[in-house]
Structures are given as structure tokens and as C-alpha cells.
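What follows are several structures.
Below, chain A partners chain B and then partners chain C, in two separate complexes.
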Partner chain A sequence: MKERIISFCRLTLYELRKAFGTVWMAVFLAVLLLANGWRLYDSYHQEVAKWEDYPQVYQECYAYLSGSITTDKINSLMSVYGPLQERFPNLSREYDPNAYTYSEEDDYFFFWELFYEPIYYDYLYQNHAVQITTQARELAALYQELGNSYDAARNEILAQDFAGRWVPSFGDTRHYEVLLNYDFSSMLVLVLCLFALCGVFVTEKETGMYMLHRTTRLGGPATVGAKFAASAFFSIAVSVLFFTQDFLTLHLLGQRWEALSDPVYVLWQLEYTPLRMSLGMAFLTLGAVKTLGVLCCCCFFLLVSCLVKRVLSSFMVSMALLFGAVAAQNLGGVGYPGKWCNPMELVIARELFTQDDFVNLFGHPVRYFLTMILGVILTAAVVCLVILYRNRSTRAGLLEGRRRHVSV
Partner chain B sequence: MEVRFEGLSKKYRGKYALKNFSATLENGVYGLLGTNGAGKTTLLNLFMGILKPDGGEIYIDNENIRSLGTDFLSRIGYLPQYPQFYRDFTVAEFMDYMCVLKDIPRQYTKPRIRGLLHRVNLDEAAGKKVGALSGGMRQRLGIAQAMLSNPGILILDEPTAGLDPRERIRFRNLISSFAEDRIVILATHIVPDIEFIASQILLLHEGVLLKQGSPKALTDELTGKVWALELDTPDVPRDLIHHTISNMAREGEGIRLRILSDTKPHPEAQAVTANLEEVFLYHCGEEAM
Partner chain C sequence: MFLYEWKKLLLRRGGIWLLLLFFVGEIAISVLFRQPYDQVLEQNREVYDRYLSSVNGPLTQQKREYIENEMVRLNDVHMQLSQLNSKYYQGQIPQDEYQAQLAELTQQDADYAGFAKLYTQYIYVREVPERRYFLYTGGWERLLTDWEPDYLLLLVLVLLLTPVFCEEYESRMDQILLTQKRSAGAQVLWKAAAVGSLTVLLTAAAQLCRVITYATYGLPNGSYPLESLVSFGASVKGLSILQGFFLQFALKELGYLYCALAILALSVLLKKFALTLMAGLIALPLPFLTLRDAFVLVPIPGPWSLTVGTVYLAPSQELTGFTEMTPLQLGLFVLAVVVLMGLLFFYVWWNNTNWAIKRISFRKGGSKQ
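What follows is the complex of A and B.
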């Protein structure tokens, strides 16, 4: 048994070496990492560029206003922002030496965008959550009375979700918003996986090695298994590498970590999220779901590689499939046929978690994101079975022969 | 070791690629000779379990290969037609990979790889990429990998295709050196590949085994059917063009012909000893030309 495991590990290492251990792959990976780094820098600066000229003012205000939201802090903010708000939109655009920024109007937008609006959102979130909880409980009771058990259960879950939600402190989350909306790295990971995986099976046909595989003891299911393992390892490793790069680069650019321990709904886009965890945990979860989506996409790439006869055809067909999946995800909106089979729904993971939606599964409310994850995993499992069947069925003689006697 | 084929058949789209093939092979080199599409590769693929037969059985030492399971695979070494292998692998890496595929215990892999690379004269190329090898070197690597599990049966499918004459001779000698105490099946349509090394020839045509015998026995069968003729004219006379001409060489103003004919084709024709190419030509007809 130990020898079997060692043989399988060695096969997997060779599969990794064959498909991914080339100079071209290393160069391509390095180029994509650089491109991702540049794009992260650009995205971050597009988000914060407007106020980049006033780092000192921002530092001073942030040092005072960040952390627990207290009445004193709100009063201090309102003592500066309140008069500006009252006079808006009649604020001067001329240079004012007494202004915190360039002019009175700039001051208004500076405080509104960087402090007033986020603190206002954080401060009022608790009230908002209480309202939702109360309404959900009332609706649950009403539906219960009406005998609508599905909607009653759905509202009960909603009430439980929003009960006790509050944002205890204010922290800079601009870089986390960039991170949440950043999809470029996912696309790069998919392109890299497409490039690497399109040849996994088809190369054996092009090199004539499939004939040798079929005449060796471990050239059948063990090699297919090793190909799966190597492809999964590669796609997970690449996903982790790129998603970690996103996370670390934006932290290095943002220079602030404190909001990581805040609840996930501190980001306004995740106001209604079903997740109940810290922002740090939420990003880990999003990363895991994205990686799962990438893995499922890779299953399709492997299927294509298994079905065609040329690497180029495999690359083109896989690329077309990828574009189709991206287009369906982008243009499809909430409902389109085959949504539950589209791994891109997991790759663009944030959209699964922005709404606390449910799906009626045999009369039970099941969270939308869970059904999506389950649907895509099932699809990938079916694809893997087809690949296994395909590789098994081509070993027609010897293996099938043992099961089915051929008479003269 | 003994391999026995009994009534092996395979059809593609209703047409027989191999029909009722029966033969018994014992240790030695077997030349599987036939035109393209004669059924050579089909026979090999049936033997190795890549294809499922429509009928017939194969036995190794009186044991049906179906009952041998994957153990059967460790008894055969195979060199496919036009192997490319993995261009990015080094020779040593490729051999090690093949050891993993053949499930050879790790403690035996290094000495076996070293020994085989030495035998096929590739020990100095161990660190070279497979993509950088010449055609002949790649074929030698192919036979080395086929020998990794020290198989009782060595199957070579068109092993000399695309090799230059020097490499072809070198490869033939290599096959002979590996042929001791095992069955070597060498499928080819190039007669000189097997003429001097095969102990038995299996002549396949359109899926049917036409002849089996030693090269000498097969050539002896054509005694009185191969004729040599020297003529002073530059062209083949009209009355000879209906005969099968196995060779035509110009000499000055005249020509020298070798003719296959059951009867004396020309008054000046001399009966000569047939060669294997003529046996092939005689049995497979114009298609073999």
C-alpha cells in the first residue's frame, strides 16, 4: 500500500513536471504576476487618488476618528463637517488657506467621502439590522399564520441572520473595497490554468505516449488520477498565489489592517450579506470559493483536452467556453439557464454574498450561495466522471475484456 | 515462453482488419511483414489489449491473457510507431518516468536505467533533453524503455521508420542483442529490417496471415519463380511488362531485370535464388511495390 502511494505521488510529480514545469510556464507566470501587481497598484490609486495630495490631514483625522465610534468623535466630526454640510452647495471652490484641503468644497467632499459617510453607515447599521430583524420576525409570524411554511422559515432565518448585528468601530476599508471588487487576478488565474491544462490529456495523443500508457501497469486509471491531482494542485497553488498577492499588495498599499477584525458587513456592498464573520475571515472564504470556481473551470478544460486531438484545438475550445461562461455570468443577471452549472458564478464570488437570497429546495429555504456552490461542484463531478469514463473506455481490449468474455 | 493466437479477428465498419489469425510464437525474432493496412498494428493492439477483439483468444504459456490481469503488462515491452515522447524531459527523467509507469520498485530503477542506457549507447545522453535527440537516438531510447521491466515479449512497431541506413543497421543489431530468451515481434513493411534478424516471418495481407516460416523456407518456396535477365535494350520489352519486375537496373546501354514468374518469362532468363523482398512481392502483389 505504501509503495502504491509512493508510486502515485511520483506519477503526480511527473505530471506536474510535464504540464507545468516548463520554462515557458515559469515566464508566463512571472509576467502575469507582474501584470497583476501593476493592475492592483492602478486600481488602488484610482480609488484613493482623489485625496492622495492630503495624506497629513487624512492621517491626523483618521488617527482621531478610527476605532470605537463614540459621541465625542461624532461631535468632533460634525463640528467640522456640519457647517460645511449646511452651506453646501454654496461652498467656495477658490483656494482657501484655512481649508483642510484646497477649498471649502474640497473639504466638504473630503470629510463626506472619507469619514462622514462611512461612519454614518457604521453607526446606523445596528438600527438598520434591528429593523430588518423585527420585520422578518413579524413576517415569519404572519406567514406561519397563513400556513406558508417556506416563507415563514425563510424570514425566520433572515431574522436570525440580522439579529445582534452592529459595527463596533470605524476603520479605513477603501483597500478592502478594491479587493472585494477586484476580478483581474481571477481572470489571470483562469488564463494561466487554461494555458497549462489545455494540453494535459491531448499531449499524450500528440506525442504518441498514450499507446505506451496503455501498455504499462500504472498508465491507466492511476495516470488519469495523477493528472487530476497535478491539475488540482496547480490550479489551487496558482489561485492561492494570486489571491495572496492581491491581499498582501493592497495591504501594503493601504497600510492599515485594523478593519480586518471588523464584521464583514462593514463594507457597504455586503450590507445584506448572509455571512456572519469578520472581514478577514470573509476574504478567506471568498478566496476559497473563488479557488473552487477555478478548480471547476479546470475540470472543463481537462474535459476538452480529453475530447480533442490537438493542443491548439483544446486551447481554442476551452477559451471559447471560458468566454461563454464569463459572458453568461456578466450578462445573465439573476437567472439564466445553466446558471447552476457555470463555475464563473463562483469565480466572481462576491456576487454570491451580497444578497441574503434563498432558493426553494423541496419546500426548504436554502441559501442561494450554497445552492450555487453545490450546483457547480455537482457539475464538476459529472465532468470528472465523463473524463474518467472516456479514459477508461478507450482501454477497450484488456480491461474490458476481463469483464466481458469474448468468444470465437 | 510461448504465445498462441487462436482465431483472432477484428472488424472495422464491417470490414476485417484481421481475420481468423492463428499462430504460435516461441522465443526468437518474428518479423510481422505486410503492406500498410495489412493488419500488423491491429494485431499488436489486440495483443496489448488496446483493442477489443471481435473473436479469438490469446494465450501466454497456455494461460489466457484475460486471466493474467495487469500482470500481463509487466511481461511486455512496447515501442510504438513514431514515438515522440516528452520533448522537455531529459533521457534519464523519461526512463525514470517509464519505471514509475511500469511500477518497477524504486531500488531497481537506477541500476536498470544506467545499464540499459549503456546498452543502447545513450549513457552520455542521459542529461540531454528528449527533444534534442536524433531520430535514431530516440528509437534507441524507445527500445531501452521497452526493456525496463525485462519483458518476455518485446513488441516493436515500425521501429526503423525514418532512420538513416547507419542508424537502421545499428538498431537491427540492438534488436538482435535483446532477442535472447524472449519473443521479439517486429512489425514492418521494410523487408531488410527483418531479413537478417528474424527467425520467423509472418506475412500478413489484407488482415489474413498468408505465410509463416523462416526466411530461408519462404525464399526456398519461390525456387524457379524468380528470374534474372540481362538485355541490351534500354527499355523493357513489351512481352515482359505483364510480369512482376522486382528489380530493374540500368547498365550502360542495357538493363538488368529480376522477374517474378511461375514460368520462364524469356528465353535468356536464368532462374535465381529469391530474396525476402520478392517473397513479399510475390504474395502481396503489386500493392507491395
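What follows is the complex of A and C.
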């Protein structure tokens, strides 16, 4: 047994080296990492560009206002912002030496965008959550009376989700918002995986090696297993590399890290999220779901690679599938046929967690994101089974292969 | 040979299906993502057109008076309407009187939004009346301010042109071809001719698709100066709109031809399908997707910004530090591009001659010993 495990590991290592350990792979990886880094930098600067000219003012205001939200802080913010708000449409746009920024109007937008609105959101979130909880409890009781057990249970879970939610402190979240909405790295990872995996099964077919292969001791299931293991390892490694780069780059560019330990709903896009964890944990979760999505996409690439006869067609068909999946995810909206099989839904992970949705599964409310993850994993499992079936090394398979070979 | 290469490109490798998909995609994009330049103007198009028909062309003293008088009149009606509303809300007039006046004034005020658009244009034209004319600009603006390349066309070129050389390398045919009477050197010419003509046709087809899409809004008065369009207001080339359109179209053709040559050169360099496809994707569309700005790439004599074409017509921008090329600079730039394209072609041709192959095999043999 030990010997078999060792030989399997060696086979996997060999597959890894053969398929992914090339110079060109390293070159492409380096280029894509550079491109990703530039795009991250660019996205961050587009987000903060408007107020980048006043770092000193921002730093001073932020140092005072960040941290736990107190009445003193709100009062002092309102003492500056309040008068501006009252006169808002009639503020001057001329240069004002007494202003914090360039002009009065700029001051208004500066405080509104960077402090007033986020602090207001954080401060009122607790009330909002209490409201949702109370309403959900009332609805649950009502449905219970009416005998609708599904909706009663759904509202009960909703109430539990929102019970006791509050935002303890205010911190700069602009860089984390960029990170949440950043999809470019996922696309790069997918293209790199497409390039790496399109030849995994098809190269042997192209050179006619696969007939020979099956006659060797480890040629059958062991090789297919090794190919699977190597591909999975590669795609996970690339995903981790890119997603870590995303996080680290924006984290370091932002330089204000207080928000990372705040609850995940400090980001207004995740106001109604079902997650109850800190922002840092949420990014880990999102990264894991994205990686799972990439892994499932890779299963499809492998399937195409073992169905077609040439590397070129493998690349083209996989790419068409990828585009189809992206288009379906983008344009499909709430529902389209095959949604529960589309791994792109996991790759664009934030959309799974923006709403606290449920799916009616035999009368029980199941969280939407759980059903989605389950659906995609099941699809990937089916795809893997098809790949195994296509590469079976039973006698029938060999005979079929030989017949085909002769007829050619 | 030329026809045979075409046949190989389209029929034997199933390129025709790819092209079919490309055309379906182009049409779908044109139909799905068709957006007017100015939504408010399109809603008031009838009124705008009615006023425009009486001022179309260069600004004259007569037109100036007409527009300003009309503005005074309509502005008056507009003011009356808002006064009426505020009177009614303050309870100064009864409802039936309000409604009677409202109906009358609303009818008169119906032209205001459409005319306001023409007035904005008048303010723009008034600045440089010699080079800025009145015309409906929505269609032209949309057609000429598309600052992104046609990603679909780039993708199709990469997928379609990769096998041209790679197929022979993959099947080791290239060695046999060298032994023929009409050797690989001559075949490269035919291959390049087939690829070039296909690229030119595809680019023209893609451009035609866009032209038809925006012609539905209207592309009138092509002979008017390019500066009549707001986006090209400070252009220094002194072209007419149609000249500008054909110049950017020619640059686009050059750009996509350059792309095609680059793909051929990559395939000769890398020799493997997957490698060439990936390198093509990284080299051609990725810079745009990463930088998200075609203007940065303008001074680089690469294929990237040429595929957009219209950025070479765009006027200088103070904010970003982008400067427009003068006709002379543009000419020199195109010359440099042509020379680079010649070098690329020479590279492709050289690597398919007996002489180069002999040298490579000689060197390999030498290193072994």
C-alpha cells in the first residue's frame, strides 16, 4: 500500500512538472501577476483619487473620528458638516482659504462622502437590524398562525440572522470595497488555468500515446488520478496566489486596517448579508468560495480536454464555455436554466452573500449560497465521473479504442 | 495557392463557424449595447430636428438672432410656467384657472427641452464659428468616440490565425514543405496574403456593423469640419468629419493587420498551439484590459492603440497630459509602424526559409559535439 501511495505521489509530481513546470508558464504567470498588480493599484486610485489631494486633512479628521462611535465625535462632526448641509445647494465653488479642502462645496462633499455617510450608516445599522428582526419575528408568528411552516421557519432564521447586529466602530473601508468588487484577478486565474489544463488529456491523444499508456502498470486510473491531483493542486495554488495578491496589495495600499476586525456588514453592499463574522474572516470565506468556483471551472476544462481530439479545439471550446458562463452569470439575473450548474456563480462570490435569501428545498428553507455551492459541487462531481468514464481502462474500453484505431 | 490558403483557413479548420459566431456576436453587441449619445436629445428629437433644419450649417448673423430670440421667448414661457406652479402651491390662484393656464403654457413649453439642446450646441458653436457647424452629432459622436478596441475581433484573429503556421509545426510538415519546388518561402507570401486579406475584410465588416448601428440615429453632413463634434472640438488636424472617419478606419485596418502579423510572428516563435494562443491573448487584449486607457498607448508604435483608430484624432487633454499628433508626426508614426510590420514579416519569412532551418540544425548539431 505504502509503495502505491509513493508511486502515486511521484506520478502526480511528474504530471505537475510536465504540464505546469515550464518556462513559459512562469513567464505568463509573472506577466499576469504584474498586470493584476497594476490593475489593483489603478482601481484603488480611481476609488480614492477625488480626495487624494488632501491627505493631511483626511488624516487629522480620521484620527479623531475613527474608532468607537461616540456622541462627542458625532457632535463635533455635525458642528462642521451641519452648517454646510443646511446651505447645501447654495455653497460657493470659489477658492476659500478657510476651507478644509478647496472650496465650501468641496468641503461639503468631502465630509459627506468620507465621514458623514459612513458614520451615519454604521450608527443606524443597529436600529435597522432591530427593525428587521422584529418584523421577521412578527411575520414568523403570523405565518405560524396561518399554517405556512416554510415561511414561518424562513422568517425565524432571518430574525436569528439579524438579532443583535451592530457596528461598534467606524473605520476606513474604501480599499475593502474595491477588493469586494474586484473580479479581474478571477478572470486572469481562469485564463491561466484554461491555458494550463486544455492539454492535460488531449496531448496524449494527439500524439497517439494514450493507447500505449494504458498498457503500462500505472497507466490507467493511477495516471488519471495523478492528472486530477496535479490539476487541482495547480488551480488552487494559482487562485491562492492571485487572491492573496489582491488582498495584500489593497490592504497595504489602504494603510488603515481598523475595519478588518469590524463585522462584515460595515460594507454597505453587504448590508443584508447572511454572514455573521468579521470582515477579515469574510474575505477569507469569499476567497475560499472563489477558489472552489475556479476548481469547478477547471473540471469543465478537463472534461473538454478529454472529449476533443486536438489542443486547439480544446482551447477554443473551453474558452467558448467560459464566455458562455460569464455571459450567463452577468446577464442571467435572478434565474436562468442551469444556474445551479454554473461555476461562475461561485467565482463572482460577493453576489451570493449580498442578500439573505433562501431556497425552498422540500419545505425546508435552505440558505441560497449553500444550495448554490452544493449544486456546483455536485455538477463538478458529475463532470469528474464523466472524465473517469471516458478514461476507463477496462477491456471494453481498450477494445473500443483498438477498433477505432483500426478504422482510422 | 492563395485560394488554397483561404480554403484551409475557412473550411478545413472550421474557421467559417468561428466567423459565423463572430458575426452573430457583433450583431448581438450592436443591438444589445446600442446607446444613444444623449438620451434627453433623443427623447426630444422631433423638436430638435425642426429647429436644426432652420440653422443647419455654419453660424451666420441671421441664425444667431433667430436662436437668441427663440431662446428669450421659450425661456419666458418656461419662467411663466414655474411661476404659475409656485402661485398655485401657495394658494394664490384657484384650481380651474390654474389648469386652464397650465394646459396652454405646457403646450407652448413642449419645445423647451429640445431647443435647450440646440442652444447648448449654439454656445459651443459660437466659440469658433469658422470651424464649428450645426449638425446632428449624436451618431457621429457615438461612432468616433469608441475608445476601446473590438475585443471580439482580436479574439477571433488570435483563434483563427494561430493554426496558420502552428499546424505545420505540430505535424512536422514544415520540414517537408522546405523540400518542395515552390518552397516554404513562397508559401509564406501566400499565407500572409490570405491572412492579410481576411483581416482587412473582417475589420471592414466589424466597422460596417458599427456604422449601420449608428446610422439608425443618423450620420448626416459628413463634409462639415470635425471640430463640429464636441469630443473633437480642439482638434488641430483640420479634417472634415468624413475624412476623420476614413482616417481612423485606415488606422484601424493598419492596427488589425499589425495584430495579425504579430500573431503570425508569435506562432513562428513559439510553434505550439496553446502557447501561441495564450501569448496572443496576453499580448493583444490584456494591455487594454489592464490599463483601461487607450490614450496611454498612443505614442507606442505597437498594434494596440492603432486598433482603436479614433484616439489619433482626439484633441490634446490638459488633465491627463495627452497631446494630439500633428499630421506630420502621425505620418512619421505610421511610417515607423510600417517599418516594424516589415520587420515582423521578414522575421516570419526568414524562419521559413531553407537557409534559416539549415543554420538552426547546423547550430544544434554543433552544440551536440
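Observations on the model:
Quick note on the criterion: the second predicted complex is superposed on the first by the 392 of 408 C-alpha atoms of A that agree within 3 Å, B and C clash if a C-alpha of one lies under 4 Å from a C-alpha of the other, contacts with A are read in each partner's own complex, and residues count from 1 in each chain.
The rule is simple: contacts are C-beta pairs under 8 Å (C-beta built on N, C-alpha and C of every residue); 3 or more make two chains touch, one makes a residue touch a chain.
Since the structure is predicted, the reported quantities are computational estimates derived from the model, not experimental observations.
Using the contact criterion defined above for the overlaid structures, shared-chain residue A:Asp72 touches neither chain B nor chain C, since it reaches no partner. With both structures placed on the common chain, the touch criterion links A:Glu86 to neither chain B nor chain C. Once chain A of one complex is fitted onto chain A of the other, the partner contacts of A:Lys18 are limited to chain B, with no touch recorded for chain C. Once the two complexes are overlaid on the shared chain, A:Glu52 sits clear of chain B and of chain C alike.
In the superposition on chain A, A:Met209 contacts chain B only, with no contact to chain C.
In the superposition on chain A, A:Phe315 contacts chain C only, with no contact to chain B.
In the superposition on chain A, A:Glu145 contacts neither chain B nor chain C.
Ranking chain B and chain C by residues of chain A touched puts B first. Residues 206 of chain A touch chain B in one complex and chain C in the other.
Touching chain B in their complex are the following residues of chain A: 3, 6-7, 10-11, 14, 17-18, 21-22, 206-209, 211-219, 223, 395-402, 405-408.
Those residues of chain C that touch chain A in the complex are listed here as 18, 21, 159, 162-163, 166, 170, 270, 272-275, 277-279, 281-282, 286, 289-292.
Per the touch definition, chain B reaches chain A in the complex via residues 6-7, 45-46, 48-57, 65-66, 69-70, 72-74, 76, 78, 80-89, 93, 97-98, 100-103, 105-106, 145. Remark: chain A residues 24, 28, 31-32, 35, 38-39, 42, 184, 191, 195, 198-199, 206, 310-312, 315-316, 319-320 touch chain C in the complex.
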